[in-house]
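Think of it as A, B, C and D in the order they're written, each chain with its own count starting at 1.
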Amino acid sequence: MIISVAAHSEEPSREIAEKARSFVRKVSPCNPTLLLGGYWGLMKTVVDEAIKQGLTVVLILPIERENIDLPAQVIPIRSGCEFRCRSVILVRSGDVLVSLGGGVGTEIEIMLAYAMGKPIYAITETGLSTDHFARAFPEYIDDRRVVKIRYFNDPGEVAEEICRGNMKSVETRFG
Amino acid sequence: MIISVAAHSEEPSREIAEKARSFVRKVSPCNPTLLLGGYWGLMKTVVDEAIKQGLTVVLILPIERENIDLPAQVIPIRSGCEFRCRSVILVRSGDVLVSLGGGVGTEIEIMLAYAMGKPIYAITETGLSTDHFARAFPEYIDDRRVVKIRYFNDPGEVAEEICRGNMKSVETRFG
Amino acid sequence: MIISVAAHSEEPSREIAEKARSFVRKVSPCNPTLLLGGYWGLMKTVVDEAIKQGLTVVLILPIERENIDLPAQVIPIRSGCEFRCRSVILVRSGDVLVSLGGGVGTEIEIMLAYAMGKPIYAITETGLSTDHFARAFPEYIDDRRVVKIRYFNDPGEVAEEICRGNMKSVETRFG
Amino acid sequence: MIISVAAHSEEPSREIAEKARSFVRKVSPCNPTLLLGGYWGLMKTVVDEAIKQGLTVVLILPIERENIDLPAQVIPIRSGCEFRCRSVILVRSGDVLVSLGGGVGTEIEIMLAYAMGKPIYAITETGLSTDHFARAFPEYIDDRRVVKIRYFNDPGEVAEEICRGNMKSVETRFG
């Protein structure tokens, strides 16, 4: 299973960093591959914990930051394209999207996943802009009702749901 | 000036079609080039009116529908990539983004424009999902406060603002 | 008709610049839209002449040079992706590819056109690396024999052939 | 170390399949990650052998064939873009490119690697179109002389050279 992880590109608070690490620890037993869009901000927190847990980590890097230093264990894919374009590849490649909280970049990734019909799990009460997004779109993002976003305060519950493995993508054909 | 136009990929109501045509007519005097992402749904309405007004129209086509029949006057660019990836090129290429109303695809284009620091003008009271988006994000999309989205009920006012030409992009470096 | 033009990214000699301008002048009567990948080197020569002739010019810009100064008449599309990726969009969007001579970038564009089944017209005796390419691949690029590259010393003949308009793309499905 | 592998998209002969498997076996001791562009033709031969050797394999899939069945051990990245565009990502992401022989797709990948300044190792005497390419470009692809392509008949020698690990990319800035 491949999990695309949307996470803030800026330094996380201690609380949200801990929530993110907790998600990684709790999802580790079902041994997913994690896809992330970089190695900075909250994404770095996730990657570091995933390495500690021995998970396979693939980074889809935007051209703006494709030459950053990386831990030897991660597999960098250089998208050759800009921040939002790399998010398209990131989201499209996952079986599911998990949002750990962030700003507009993370919100875009949630919307991309919705438009592509991917199952979406989003952590709330992060203190980040995605909390507002969650209130704005408690279920669906548009009137097509493609997939219902599932919000959780507890990252352990997201891990549990994902490891149970009974979520499915919906085929979409609009755009 | 290049205006990226975000508009619904599905058949518009008579009212919203008229609002869209009105925008095109009123913006024509300053002779912008219009960029759109296809020739179906509300996008088709806009393209047809733009041709009638003699405007240059460029379409950034997604690979899923790159072979549709087109009027001879438009210039098709085949992005070679999927729906959302073509939206990245569409938004990035404009000096400004105008949303005429739509679903998640249009909402993604607004968010892309915000993340790229482009001026955004959005028509409200369309009866489409973007009306809800407008209520959810009355000003900014995240706490970076990159650009303030400007909402209008009257498409003529948007045209006027754009023709006045004093909007500016903000450089962004996050993602 | 849309002509994708592959041309050197470096300063041309007087001879090759003249050959390129001659092609533009002679193809002008059938009023094609020209697509190019930038506004530097031999590409700039072509764009300047095309503007003089009143042709519509669209540039597919790579992210590395998306902010260069451009004449007001051209329509810039910001691909958001790197040099070679923008070449894919450039070639895919044309009805035909014309090579006016260049280095590896131009050679890649010829190969992309071949792989996509586009008609290819290439100017030889330019003094550039594509002269060697022409000798290496006098007809086909691989044993699939997708499209036969047509080589010309005289740019006027290429213009004539193109304006006659009886070339067709071949559908390809490999890769 | 990440090795981008360019290989024919069509069924290989027994000889070339054996050469490809031999390369994989001999490069395994230095434990590279292999990147390929699909799971068909000669690429499938390489992937199957790499799995047998326990190597990590990442596939950069073109949108035309992103839904093919894959072995559980490989990590599929859905580029969301067409055949040649996925080749750009494939080549850009590798520390080095190895060509095991093929047609125009493989030749394009060699040219992309050259344009990006990547070290290139190419197997000759494959009976495929790349043999002709090797004769056409025995050293450099254009007069910039970016990187010297290194040709080998023996796949074991390529593996040895790569495992020795003293090849370096050259930074390029043209296009």
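In the analysis below, a residue touches a chain if its C-beta (ideal position, glycine included) is under 8 Å from a C-beta of that chain, and two chains touch if they have at least 3 such contacts.
Just so we're clear, the structure is a prediction, and the values are computed from it rather than from any experiment.
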Of all chains, the one whose CA centroid lies most distant from that of subunit C is A
For the chain pairs C-D and A-D, which is connected through the larger number of C-beta pairs in contact?
C-D
I need the pair from A-D, A-B or B-D whose contacts repeat those of B-C. Over half of the residue-number contact pairs should coincide.
A-D
Cα-centroid distance, subunit A relative to subunit C, in whole angstrom
41
Once you find the CA centre of subunit A and the CA centre of subunit D, what distance in Å lies between them?
30
Geometric centre distance via CA averages, subunit D-subunit C, whole Å:
27
Sites on subunit D at which at least two other chains make contact:
79-82, 84-85, 88, 92
Hey, how would you classify the chain contact layout here, line, ring, star, complete or other?
complete
Please give the residue numbers of subunit D that touch subunit C in the complex, ascending.
9-10, 37-38, 62, 64, 81-88, 92, 103-105, 107-108, 111-112, 114-116, 128-129, 132-133, 135-137, 141-144, 146, 173-175
In their shared complex, at which residues does subunit D touch subunit B?
63, 79-82, 84-85
Listed in rising order, subunit D residues that touch subunit A in their complex are 2, 33, 35, 56, 58, 60, 75-80, 88-89, 92-93
